[in-house]
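A single structure is presented below for examination.
Think of it as A, B, C, D and E in the order they're written, each chain with its own count starting at 1.
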Amino acid sequence: MTALLEVRDLGISFGGVRAVDGLTFSVAHGEIVSVIGPNGAGKTSAFNCVTGFYKPTRGRVVLDGKDITGWSPFAVAAAGVARTFQNLRLFPDLTVLDNVRAGMHLRGGQNAFDALLRTPRFKRAEKYLTEKAHEWLDFVGYEGPRGGPVRDLPYGRQRQVEIARALAREAPLVLLDEPGAGLNHGEKAELLGLIRRIRDLGRTVVLIEHDMGLVMEVSERVVVLDHGREIADGTPAQVKADPAVVEAYLGREG
Amino acid sequence: MGKWVGPAGLLVAVAVPFVDASPYTLNVLTTAAIFVMLAAGLNIVVGYCGLLDLGYVAFMAVGAYTSGILSTALELPLPLTIPAVLVVAVLAALVIGAPTLRLRSDYLAIVTLGFGEIIRITATNLDFTGGPTGIFGIPGIEVGGPAGFYFFCVAVVALAVLGSARLERSRLGRAWMFIREDEDAAEAMGVNTYRVKLLAYVFGAVWGALAGVLFAAHLSAVSPQSFVFLQSALVLMAVVLGGMGSTRGVVVGAAVISVVPEVLRDLGAFRYVFFGVVLIVVMVLRPQGLWPVRRREPERAEVREGVRV
Amino acid sequence: GGGLLGGGGNAGGPIKIGMAVPLSGSSAPIGPNMKNGAQLAVDEINARGGLLGRQVELDVEDEACDPTSAVAAANKLVSAGVVVSVGGYCSSATLPTLPVFDKAGIPMVIPAANSEQLVGQKLPTVFLINPTGAQQSEAAVQWIRKRQAKTVAVLDDNTSYSTDIAKRTTQLLTDAGLTAHSTSVTPGESDYGSTVTKVLGQNPDFVYWTGYFQEGGLLVDQFRRAGYAKDFMVADGSVDPSLASIAGGADGVFATMTTTPDTIEGAGDWITKYRTKFNAEPGPYSTQSYDAVRVAAEAIEKAGGTDGKKITKALEELKDFPIFSGPLTFSDRHTLAKGGFQILVVKGGKFVLQDALR
Amino acid sequence: MTQLVWDGLFVGSFYALVALGYSMVYGIIKLLNFAHGDIYMLGAFAGFVVLSGVGGVSAAFSVVALVGALVAAMAVTGGLGVLVERVAYRPLRGSPRLAVLITAVGVSFTLEYGVAATGANPRVFPVRVESQALQVLGVRITVAQLALMAIAVGLMVALDRYVNRTSTGRAMRAIALDPKGALLMGVNVNAVISRTFFIGSALAGAAGVMAGAYYGKIEFLMGFLIGLKAFTAAVMGGIGNIRGAMLGGLLLGLLEAFGAHFLGGEWRDVFTFAVLILFLSVKPTGLLGERVSERV
Amino acid sequence: MLEFTDVHVRYGHVEALRGVSLRVERGEIVALLGNNGAGKSTTLCAASALVPVASGTITLDGEPLPGKPWHVVRGGLVHVPEGRRVFSTLTVLENLQLGGFTHPDKAEVARRVDGVFDLLPLLAKRRAQQGGTLSGGEQQLVAIGRALVAAPRVLMLDEPSMGLAPLMVAAVLDLVRKINAEGTTVLLVEQNARAALGITHRGYVLENGVVTLSGPASVLAEDPRVVEAYLGA
């Protein structure tokens, strides 16, 4: 099995703080991998390096054999990475549907002239986008209003929309940053099912998560970070038993 | 109701001269029409894409000067200058946009203001632009007197407004709005924000430059006085007053900003005091603009009669 | 007015004379001077029984020194049915109004705007009663040479009126073998210190300011404070009592100026009338506007009606009509045949005649 | 050459004083306060009215009269700033941020033409500061210039301390970032914004009186250009940064002096803006602007 | 001491609270549970005057709460909002200092800030870092730390454990218990219901803008409806 994502010796620092410090791990096609670690361990920073929001100061990021280190976020996105954000980053004034359509931006199918002249091609493309957007919302189990601005939705629904938007990208690699934050138990159970269904679509999922119940249940492999470095890598059970992980992250009675 | 707002507005614009066709009325209407086009163009940049541009009349100046210079120096009929105007406008947009569009909003504002001033002052200082006096004796577009020219303007402006509205509801238009709402998130969706912003600039510039051509034809003269900062501010006000990003609103806003001072003309020295008060009152009463966007689209149930997949 | 389908028209009633002047914007202070001057003439005519048995009415519109506003104002005047236009201050705003009046067959007697380009368009209906920049710069150079200056600094404010005079003066000076430096300032500011420093670095023994009195006053003051004690001269746009008060005293400053009531014997009367009527001092272009109305009225009288063509013809045929700057006869180009510039000097805060340059 | 530097710094200190208020207001409610320059103009007119009311003053008394006029004008403009905020800006809190731009222009028109309605002609300040010129290192410096600079610098330093060292200053910056968050800290957002307007407007008013007393001429549009320059200076310095605004003002004065000297007055502003644009494309957050710290 | 009586809140035509009544007694920790969109955050916002109350009353010590947020804070009721709301370009230190905005004594505020740094050493390391550049969890700690500096009589926390690592969740809830023991009354909104009920005295369950269940924490924790929806088997 070849690796879809390979991170080698990745590093980034901010004015002396080494947020990520020589991180190496890889993710195989079709895996569900969780990244865990204490607050400030560098998980989000690592995601940001992979997706081009931070320019790593050292190391390489390789996607499906292609070196994408230092690419702009939009180029990384085009290369096949979709993500969600730890602090929701939806387009608050746009409709739910428009938010999901954003995920399909790279799909094209029309240009400015089509738009100005309202060509059949344009109409076809628009119709397709709308249908697809609905399908993705259905897929994540979203049941709220779709024609109004996303700003008015409660937090949990917004999370769903963000995931739908990321899925609409149809990228092979999906990075989810704390998708379970702010969800209650029942909702987390639904999230668990959703992540599995995403994988069943043939996508590879990497998620950052603090809810151990969810992590243990859903992941095939867990990577543990502390101080910007990997301190453990293995199956949920292995990791849970690892004393270094218990010490740094889980706590004894955890 | 949405469908017939545009045609209804157009009908009103066409009907007015049949009620009153004095040179003054026609002049005010023509000026207003050109102003609507400017506002529609700036709305692409500010309203859709969220780039605060305080020097928008620079593009109008580029259009007006290019067509003015070419038509007087080469004795070309004005419409034949349009290809050159388009080329120069796009170049201007690229030159102004390329180094500055990486800046965030407020810094962009001052830079565009600076470019606006640079263009105006340069036009004042150079000889081939006619110095402070500018270019004059520009041939009009002869389509049947002032009324004919007004109808011509209305037609062009209507197309421009329709065009900008269509752009808004397209992939490019959505990309602009993604950038306006959240640039980082837009990048994560694969939007090449730099290029898409530049495109907003280019479209805005083309609209502005074409309005400049109409302006040159209308006044028969182009001079730096017409491209002062206040003019940029007025166009921006039209956009905001109408409701940023709302095509209909912007048309209404432009009409208000260009017509109200004329209506107040008879107040003499006090007219700008009143204009100022009108602006404050209107905005306090309608903070979102006169006709803001209500971003809503039909729910699926409304489209497919509740059929679920 | 009527719509495209209906007809409109106006006949009888008073004879309307139109005037577009700046009442707002940075040139706003000029508008009232011109308006009052014109009104004075209108009132005099009406007191004498009007024109052709009809009363005369002055219709003033704001042009804000902005081409768009000016064109709107011109169209408004046309729509109101004026028979002659006696406005025009900013050249760049006046230029686009020419075709508007011309198409409506309305003759223009322009009192203040004086760019050569106004007549350069060769419209038959355009007449200038203000001398052009060419005439003023000739007068200036004549005086500069009389003062035996060697190095001259010419300053303008980057408006067409001002740069026109500055450019011509610089050219004439250079042709005459003098050293001339020219530079511009931005109008509307308060501090011209760096310009002053720059100009003084050129060691001029004569400074000529071709802009308006507001900046003129500041420049006189700032040159004085910087230690400049040689000749300083201003052009006609700066001839206003405020120049001296802004400068905090401007005695000894010269000016190139056409004849004004101040310098004409027996015109004291006119000034008193103006003062009592408007409770204000006449300012720049008050006299020219007064004269513009009188010239127009004379032409209407001669034409025996309000037909534009006839009035134009009458204007062309005017001969030695007395106006403040001397007897008026139009040249072929519709400008003053003779400039009539003189040199004034400030004494005790007032402009008085220094040299009639004859 | 050194004279040029001094000329630039002197004008720059006026720009800086006006820019401070601009920057404070801009920093806190992101308002392009087009009326700020007009407040400066109103300060000059307030000083004018006060001094004219006092009538002719003897030279010895003129300093006292001027200081009195300065304080009075600061009070008037400060109050006016608060009033303007109350009437024209506060009702638009929470609306799109550019909405306030419209009312700001409305206020600007109202103030300008309200004053113009009392006569569009320029007024001459009844009291002028005239003073001895000194030669320092070959530079002509007048005592008056020194005094005005000293007042300007004093006001700026006081303000800088206020904003950076006090809890009100911190609250101002917090409001700028997140008004709702500031509410939750117990900040009376309205009161703090009013105070900001008072201070910013009073500074502009002070600058107006100083300009009137030094240059002698005041008129209803005198605030327009300086308002624009203050905005430029504020941005050049880094938005919302008080020290940046000061530096920006001084730098702008210098740039103009050098531009006018080497390229001629007609190209001065082209030079200034070109430098500004180049500078911002190298350092996109202005001189002292805080680095962009939105993270994802 | 904090009491809601039949409180209604509307956002346009959405009615977020439809008659909420609940009480928090002096010295208690009370949990507020509920699904997404149930109206938990809205309840807290109503008390801190961030959203207007359409009808009903909210009282603190029997007095109706004032209508302006800053009066509420001065009255001793502090709200740590959802989404952290850390001031992004202010440093961690300045953020904490702002927590003491309403306190007139600077020295006391400085002491409390130091106290927070002692309690949360993770923040002490980041003292001079801009708030916006902190990691999610670190920001959450700043938000809580600010409230500690305010030292309110009643503290309302909206999902304080969101984004915190397990060790940190334990630490924060410990902290809540501790300040409660020191006399602060707490109203706690928490999705981590198990942890929340572990430290609270009583709880309410909110569904679609109305309270559907309430009782002592130990009783709620046994209630099958709560177990199914919020705790899991």
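Criterion: contacts are C-beta pairs under 8 Å (C-beta built on N, C-alpha and C of every residue); 3 or more make two chains touch, one makes a residue touch a chain.
Please read these numbers as outputs of a predicted model, since none were measured by experiment.
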Seminar exercise, completed: Greatest Cα-centre separation from chain D belongs to chain A
Problem set entry | Most remote chain, CA-based centroid, reference being chain E | C
Exercise. Centre to centre, by mean C-alpha position, how many angstrom separate chain A and chain D?
Worked result: 48
Exercise. Hey, how far is the Cα centre of chain A from the one of chain B, in Å?
Worked result: 40
Exercise. What is the distance, in whole Å, between the centres of chain A and chain E, each centre taken as the mean of its C-alpha atoms?
Worked result: 29
Problem set entry | Chain centre separation in whole Å, for chain D relative to chain B (CA means) | 31
Exercise. Out of chain B, which residues touch more than one other chain, so two or more?
Worked result: 124-125, 184, 188, 269, 271-272
For this session: Could you tell me which residues belong to chain A and also touch two or more other chains?
Result: 53, 85-87, 89
Exercise. Listing for chain C: what residues touch at least two other chains?
Worked result: 23-24, 28, 158
Exercise. Which chain D residues qualify as touching chain B in the complex?
Worked result: 26, 30, 32, 34, 87-88, 91-92, 94-96, 98-103, 105-114, 116-117, 120, 228, 231-232, 235-236, 239, 266-267, 269-270, 273-274, 276-277, 280-281, 284-286, 292, 294, 296
Exercise. Which bits of chain E are touching chain D when the two form their complex?
Worked result: 48, 50, 68-70, 72-74, 78-81, 85-90, 94, 97-102, 106, 130, 132-133, 146, 150
Problem set entry | chain D to chain C touching residues, read off their complex | 3-4, 7-8, 10-11, 14, 113, 116, 120-122, 124, 128, 130, 133, 140, 142, 211, 215-217, 219-222, 224-226, 256-258, 260-261, 264-266, 268-269
Problem set entry | Interface residues, chain B side, partner chain C - complex | 17-28, 31, 124-125, 131-134, 136-137, 147, 218-221, 223-226, 228, 262, 265, 268-269, 271-272
Problem set entry | Of chain B, residues touching chain D in the complex | 46, 52, 99-100, 102-104, 106-107, 109-111, 113-115, 117-118, 121-122, 124-125, 184, 188, 229, 233, 236-237, 240-241, 244, 269-273, 275-280, 282-284, 287-289
